[in-house]
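Note that the chains take the letters A, B, C, D and E in the order they are written out, and that residue 1 is the start of every chain.
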Amino acid sequence: MKIGKVINNVWATRKDEALVGQKFMIVQLMDNNREFKGSIIVAADYIGAGIGETVLITQGSSSRHMRGLEYSPVDAIIVGIIDEEKES
Amino acid sequence: MKIGKVINNVWATRKDEALVGQKFMIVQLMDNNREFKGSIIVAADYIGAGIGETVLITQGSSSRHMRGLEYSPVDAIIVGIIDEEKES
Amino acid sequence: MKIGKVINNVWATRKDEALVGQKFMIVQLMDNNREFKGSIIVAADYIGAGIGETVLITQGSSSRHMRGLEYSPVDAIIVGIIDEEKES
Amino acid sequence: MKIGKVINNVWATRKDEALVGQKFMIVQLMDNNREFKGSIIVAADYIGAGIGETVLITQGSSSRHMRGLEYSPVDAIIVGIIDEEKES
Amino acid sequence: MKIGKVINNVWATRKDEALVGQKFMIVQLMDNNREFKGSIIVAADYIGAGIGETVLITQGSSSRHMRGLEYSPVDAIIVGIIDEEKES
């Protein structure tokens, strides 16, 4: 899994039917120096993450192993929101 | 998912039979500074993306979870066109 | 597989149900110069790795081929702890 | 998919049985500046690509979705040869 | 597939049961300049590769498509040893 910071929502009116009704967030991943200056990705969100929160991201086929996503063309999801006070 | 900008169509006359009739676009991905200077990829397009549009890309096995692609040797697809006015 | 050094535990109170009760560790991967200054990832741990240990990490769909993880949205796991005295 | 230039054939006398009789090519991928100075990979070839040709490459599990490769330990294949006159 | 040079064996006494009895090698991959200064990975070896040999590596789910590895949490294997005299 990867650690990232939620930057913004992203909207796509024209999209694959299987993605209708899903919430997508732009997330910047943590780099090798532990700063949020790494890769920019878009992840589906079912946890209810907000802009500015630090999140845990699962990528690849494993991201389709969440409720009802088995046949969705999604390759990244937010699987958790990292607790602030304990993250080093 | 990744964000990219559509650069051009790509044509391949000599290709695997399973790819005949499909539309392929060259897309440059967004880099860590949010500029479209990242990786260059080719994605199958079923949404109808045009040159210059900002698109959402799904990669890997998840890209075969779209209509009729289960047995196609495709590893990247355009799954949406990002709305301009709301993208930050 | 990748080689990494365990940096810390990570806690996420708000997370996908399928991840409840699992232990997650932040791991920094070995870079091209064999120093632990590479990518930062989070891996599920069933081996019992401790902070500071050198571990073997499996990523992708192969990480779900461990006891009971077939339907879990996990994309990285610790599969072993590397013996110190023999590692070059 | 990725774009690459075929550099050479590669031969491996000692190899997994499932790879016997297959043709493998070394390919250098296009980098972010659209030059063929990117990653070096080896891809299985069923299209009949020649040294110096520009090819389309599929990677990952999708590369096993070609004739008879379902059980082969191959993670990259040449799926097409890109037409020269139209490629920008 | 990737090309790499075998650096050393790696031993992990504490590991997942499914990995017991397997041989693991540390391999450094070929970089964009064709030198073995790229990523460091660990691959399972069933071919019998020795330290210093140039090998072909398959990664991802395709690496589990070898004898008996379908349920093993392995994400990289050595699938061949590259013939020296013909490699350019």
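Everything below uses one rule, namely that a contact is a pair of C-beta atoms (placed from the backbone, for glycine too) under 8 Å apart; a residue touches a chain by one contact, two chains touch by 3 or more.
Only a predicted model underlies this, so the values are computations on that prediction, with no experimental measurement involved.
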Do subunit B and subunit D face each other with the same patch, meaning over half of the contact numbers show up on both, or with different patches? different
Can you give the rotation angle that fits subunit A onto its twin subunit E by Cα atoms, in degrees and rounded to the nearest 5? 145
Measuring centre to centre with CA averages, how many angstrom lie between subunit D and subunit E? 19
Roughly how far is subunit B from subunit C, centre to centre by C-alpha average, rounded to an integer in Å? 31
Shared-interface residues of subunit B (touching two or more other chains) are 31, 60-61, 63
Which of line, ring, star, complete and other names the graph you get from chains that touch? ring
Could you spell out the chains in ring order, with the walk beginning at subunit D and its first step landing on subunit E? D, E, C, A, B
Under the touch definition given earlier, write down the residues of subunit E that touch subunit C in their complex. 7-16, 18-19, 24, 26, 28, 31, 37-43, 60-61, 63-64, 70-76
Taking the touch rule as given, give the residues of subunit B at its contact with subunit A in the complex, in rising order. 1-3, 30-32, 34, 46-48, 56, 58-63, 65-66, 77, 79-83, 86-88
